[in-house]
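Two complexes are shown next, each including subunit A; its partner changes from subunit B in the first to subunit C in the second.
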Partner chain A sequence: MTQYGFYFDSTRCTGCRTCEMACKDYNDLPATYAFRRVYDYEGGDWTDNGDGTFTPATFAYHVSAACNHCAAPACVANCPQGALDKDPDTGLVLHDDEKCIGCATCVNSCPYEVPVVDTELMKSRKCDGCSARLAEDKQPICVEACPLRALEFGDIDELRAAHPEAVDGIAPLAAPDATTPSVAILACPAAKEPGDTTGTIANPKEVANA
Partner chain B sequence: MSGFDSFSLALFTTLAPAGVVAFIVLALVRLTCRNHDEAVRVDRIIALPFAVTLIGFIASATHLGTPANALHVFSGVGTSPLSNEVLAAVIFLFLVGAYWMSAFKVNFPDCLARPWLTVACAAGLALIACTSLAYSARTVPTWDTPYTPANLILAACLAGPVLALPFLALARVRRRSIERALVVGAATALVLGTASLAMQNDDLATIANNEVSALSLAPHYGLIIVAYAVLGALAVAAAGASLGRALAPRGVLALRIIATILALSGVFLVRTVFYALHMTVGF
Partner chain C sequence: MTESKATVSRRTFVTGSLAGLAVASATGALYGCTPAADDDLAATGEGAETAPDTVAWSQCVVNCGGACALQWHIRDGKIAYAETDNVGDPNGLQARACLRGRSLRRWINSPDRLQHPMKRVGKRGEGKFEQISWDEAYQIIADKLKSVIDTYGNEAVYMNYGSGVSSSTSRLFPRLANLMGGYLKSYNDYSTNMMCAGMPFLYGDACSPYDNVSASSISEAQNADLIIMFGNSPAETRMGGANIAWDFAQVREKGGKIYHVDYRMNETASGHPDEWLPIRTGTDAALVSAIAHELIVNNQVNKEFLDTYCVGFDEATMPESARGQHKSYQDYIMGTGYDMVEKTPEWAAPITQIPAARIRELASEIANAKALFVAQGWGPQRHSNGENTSRAICMLPILTGMIGKPGTNTGMREAEAGGLVGSIPAGKNPVEVAINCYQWLNAVDHGATMTAARDGVRGANALSSGIKFIWNYGGNCITNQHSDINLVHDILQDESKLEFLVVVDTVMTDSAKYADILLPDAMRAEQFHMANNGYAEYYLGVLVGEKAQDAPGEALPEYEFMTGIADKLGLKDAFTEGKTQEQWIEELYRQSADAIEGMPTWEEILEQHHFKMEAPAAIGFADFVADPTANPLETPSGKIEIYSERLDQMIAELELAEGDNIFPIPVFDPGFNGYGSVNEEFPLYCSGFHHKSRTHSSYGGVEELKQVARQQMWINPLDAEARSIENGDKCRVKSAVGELEIEALVTPRIIPGTIGIPQGSWHEADMDGDRVDKGACINTITPYHPSPLAKGNGVHSLIVQVTKA
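Right, the complex of A and B next:
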């Protein structure tokens, strides 16, 4: 099976949110949630040199994250309805509206907080890797929208081969051993390991799905 | 998870396991009944633990956004622990509900009642087991611990026997040995359950992700565990007092209803904290 996934270059990302907005526009999402979100991860401190000068050790970087279409997705494993499943051809985690009961089990089990229960539809929704666009040989809308060309999409094995330095998780994303995400991330020099506690998500209200 | 969702799920996980244990107690009393009239009275009263479990089950369904699609739940049996739980609940409720209705037949044969009740007891145990495992999601470190099934089962063993006592009084089936065993069983479950909750609270300090520590999700857990122990102890005391020989039947029933309310309140409190403890290994 081919496993599709995203590549994200955090050395290029400026945190402009164009990917997020293009996705929200294309999928006609309400103001309250997004399928792709940009996390601002910030932290550090400074030391007083005693001579009126200070040495900063602060850091800040952006992580653009959508569904990682994990190889071992927690949402699929825990959904009681069989409403979430991996597409046999693409490995994308797809959602079946006809089966979903909106019980939020996927929301509660995903360590990336990707699925969200739409309070009008009363069903969960998530990124499908722009499956409809893929069928027309187009790239996902977020990839095409990125002005920095920081996103790529395709066979995750090929993406990893093309970017051998890429890793499969940086803070604040969960450690990859939980769900084996199909994602490749080129870490910027400031990037911290998953599980890092020296920084915090600086825009928690912005990235909260409701 | 919204406040209303956790309310309905806490109600379900309080009522359903307690109802199952109370049913099993009544079934065991019924299986050992030699007096036909007593057996019939127990058969009628089985409606009550059935109703308690059913109310819990219905409460749990109120947190669903689109219950119309609910029948697909059986497609996840074997893979999703939640599907297993729902299937176990449906089987238990079907067996017990059908038994209760069938038992209205005049001269309902014992040779049918006995295996039926035995199978229903097994289904009840399966339901408690499945409910206790329904939250074993690997990505939720505060739920995926041995304390989750232990706390649920021990709470059921506290509230279930206490709940069975007013039902036995209503059925006018008074067996001192059984009643004493129920009170002792509930007291034992209270001690073990409080110990398990306290150990879980101690362990919370070791669970954290990037953003939150599990301790910060339930800052008053220690106090709530104390409330659980106090309410449970009062429930056991009231249930124990109802065994007094000098009491009028109405006094017995009143004490047992008070004991039931106390026990269920204590269990409900700690179940609420369980849902508040939700976090993932992510953020």
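Right, the complex of A and C next:
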């Protein structure tokens, strides 16, 4: 089976959120939630040298994350309605609105907190890899949007082969062992391992899906 | 308009190339990626078809320096979503819109759009209006314009600075006013004010921040082994896909060492923390002076370059008038002239907050660089000492002779390439008198007393009148983007000073609230339009865009309502020359296409809409360095004037405010509200910066952007802790002139002792009450203190106190 996924170059990402806003525009999402989000992850501290000067030991970087279309998706495994399934040809995790009852089990299962329940529709929603655009031989809207050319989409095996230095995850994303995410990330010099405790998500309100 | 291949009809969807995605189509209909089609599909069930999208090309035309392309997908006569420039090599020249361009339809289709001409009914600034007809608006404006000119003369008419619309057919008031005898001119702009005043003394009168002669194109940095960016973050200021943010990513991937000298770890440095060299805001010239000291004491200056190309490094090249007076740059650095203080790294350390050892390291790296690329953004010069600082930063390439050669730059911001097409001509302004664009408020308040020596009036020794009539188009520099909003409010309350203000905009900005007549402008998506590539993008391009949807209510394209006003003045034929906006665009395009090889024909551009061509790479002052005799700079000596005799003479004629200084050499002078000015009441420095959620104040009303990139004050954990402030806390920031409320971002990405506030957020205060700005517009707290030489907006020099709200 072909497994589609995203490649993300964190050495290029400037945290601009264009990917996120292109997605929100295309999917006509409200201000309150997003299918792709940009985390600002940062940490470190400053030393006061006592002579009016300071020395920083700080880091900051960004992670743009959408659905990772995991090989072993927890949302699919846990959905009581069978409303989530992997497409047999693309491996994309797709959502059946008819079956969904908006119970948020997927939201709570996903280690990446990707699905969100739209409380007006009472349905969960998430990135479908822009399936409609793929059907027209187009790239996902976020990939074509990135001004820094930091996103790619395709057969994840091919992406990993094209970017042999890429890893399966960096903080603040969850460790990849639970769900085997279909994502390849080029780590920037500042990047920390998943599970890192030296930094924090600096923009919790911006990435909160409400 | 063309019918898109990107139809969303169900037939296309299920017969697409990925057969497996038929599963998605069965389930995705309700909430899939096809917004406007959803309702139809839901309503009619399986097998229903929707009308295909039509696509109209357009542009984002705000003032970030980019001009990114948008392809509007239109359904039922309304813009549904955008694609951007997806033509050509994805890694090549694609003018991909940033997060703002991808949110433009939220602005265009906002319920807050101005829809009718309006007349003020409350007090000025109160925001109370009543709807009037276009005809009435034309008549009122025409009558008032005539009466102001008759009573006070043409110098009493002014067009305020504004940059919200860049287009071949926008900003038409000068054309109309010039047909009536002209208007008071302005010089410089809010972006580069101090630099524009200072740099000509160093690099000559032709030196401009907007060309590719005075600076190198950013691609040249790919050939540098050391790149130093002073307050220059393209990832925040020049974000589009054909703009410098992408160019700079490619520079980094070439491998040269990069430093960002900045008070924040800006977004260009994010991910690469070792590139950040934190410095106290407004002290760049102190760092440069200490580096100069190290280069001098270690014999690492390029003496041959300094002797051949420069005036005033040391006594050997001082002009006759200044010989033997210890007025050279070396005298300043070594403590044998001026303030008699040796500019050692130890001297600079507490000023800049950079350890002396770190300064020595950097000096050594600079001395050993094979190709040094120094570029300054426009933040360092937007200080009260900006005329000095902008020149000082250029001393690094000057001292090392790293100018005019591959991989080098002059110290100016990276070069600009220009554009392909012109604009509707403004005609000639018969008025010769000009003020700095930042001086309009003083000219409203006490214009008749303003002079050349004290206030920077040009073209005359003094103004003959205060400003009585202001035209404000597509700009927010009445309040939001000016400074000291509370002062502006008070001065504009007095209708005997400014008698009439016309504001043209698309939404109710804070400046618009002060309008006497408020006119609703159509956006580019609502009319046929044309514009160049963005001025900051290093390529040459043009986009001829279509009307994608109707303007809301009675909003009209500017060309139409300006014609309406001209008609009331009996100037319609002179204004239009018998042409429609479409005909002007065609004529302007054809003029360029006839003259520039490779441009598509008019008929071709109507098909392809967007044309892009590479601009040749440039090395700043390459001709001058190759042959300084044949290609002199436009200074009196023809050389780089580190010591400017001309400036020294000018200083003697100026009437400066107490504490304001200018020097004939590029020194570190703290300036008004600069280093050393903090006190018990206002113990923190504060600077504005450009933020991803807005271009200046454009896009400031878009909720989706406000949520995803929040308006937050950056504060170092050391300063936050001392005030019991935690990340996300609501805080008050107070200066001598105002107070605002803002959420804290407690972050190690900012140097201790300085806070940063994103500029451009929309002012929101009860002006009859406490005036505390809940919108967190930084210009609520920036004092109105025109800089010494430019008389410009050195507003990043600011001292404040922060408390938890």
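Here, the second predicted complex is superposed on the first by the 205 of 210 C-alpha atoms of A that agree within 3 Å, B and C clash if a C-alpha of one lies under 4 Å from a C-alpha of the other, contacts with A are read in each partner's own complex, and residues count from 1 in each chain.
Following the convention adopted for this analysis, a residue touches a chain if its C-beta (ideal position, glycine included) is under 8 Å from a C-beta of that chain, and two chains touch if they have at least 3 such contacts.
What you see is a predicted model, and the numbers here were worked out from it, not measured in a lab.
K.L.:
Just subunit B (first), just subunit C (second), both, or neither: which does A:E98 touch?
P.N.:
Both subunit B and subunit C are touched by A:E98.
K.L.:
Contacts for A:L134 in the overlay, against subunit B (first) and subunit C (second): which applies, first, second, both or neither?
P.N.:
After superposing on A, A:L134 lies in contact with subunit C but is clear of subunit B.
K.L.:
With both complexes superposed on chain A, which partner does A:A71 reach: first (subunit B), second (subunit C), both or neither?
P.N.:
Neither: A:A71 stays clear of subunit B and subunit C.
K.L.:
Could you say whether A:K123 touches subunit B, subunit C, both of them, or neither, answering first, second, both or neither?
P.N.:
both
K.L.:
Thinking of the overlay built on chain A, is A:N27 touched by subunit B (first), by subunit C (second), by both, or by neither?
P.N.:
A:N27 contacts subunit C only, not subunit B.
K.L.:
In the superposed arrangement, does A:V167 touch subunit B (first), subunit C (second), both or neither?
P.N.:
A:V167 contacts neither subunit B nor subunit C.
K.L.:
Check whether subunit B or subunit C contacts more residues of subunit A in the superposed model.
P.N.:
C
K.L.:
Go through subunit A and flag every residue that touches subunit B in one model and subunit C in the other.
P.N.:
Residues 98, 121, 123, which sit in both footprints.
K.L.:
For the complex, which residues does subunit A have touching subunit B?
P.N.:
74, 77-83, 98-105, 108-113, 117, 121-124, 171-175, 178-179, 194-197, 200-201
K.L.:
Can you list the subunit A residues touching subunit C in their complex?
P.N.:
10-18, 20-22, 24-28, 30-32, 34, 38, 42-46, 48-49, 51-56, 58-62, 85, 87-90, 92, 94-98, 118, 121, 123, 125, 128, 130-138, 141, 144-149, 188-191, 202-206
K.L.:
Under the touch definition given earlier, write down the residues of subunit C that touch subunit A in their complex.
P.N.:
Spelled out, the residues of subunit C in touch with subunit A are 5-6, 8, 12-14, 16-21, 23-36, 80-84, 86, 90-91, 96-100, 102-103, 105-106, 235-236, 239-241, 243, 245-246, 249, 252, 265, 267-268, 270-274, 276, 278, 349-350, 352-356, 358, 692, 703-710, 716-718, 727-728, 745, 747-749, 751-752.
K.L.:
Can you list the residues on subunit B that touch subunit A in the complex?
P.N.:
Residues 1, 5, 63-70, 72-73, 75-76, 79-83, 86, 137-140, 208-211, 278, 280-283 of subunit B touch subunit A in their complex.
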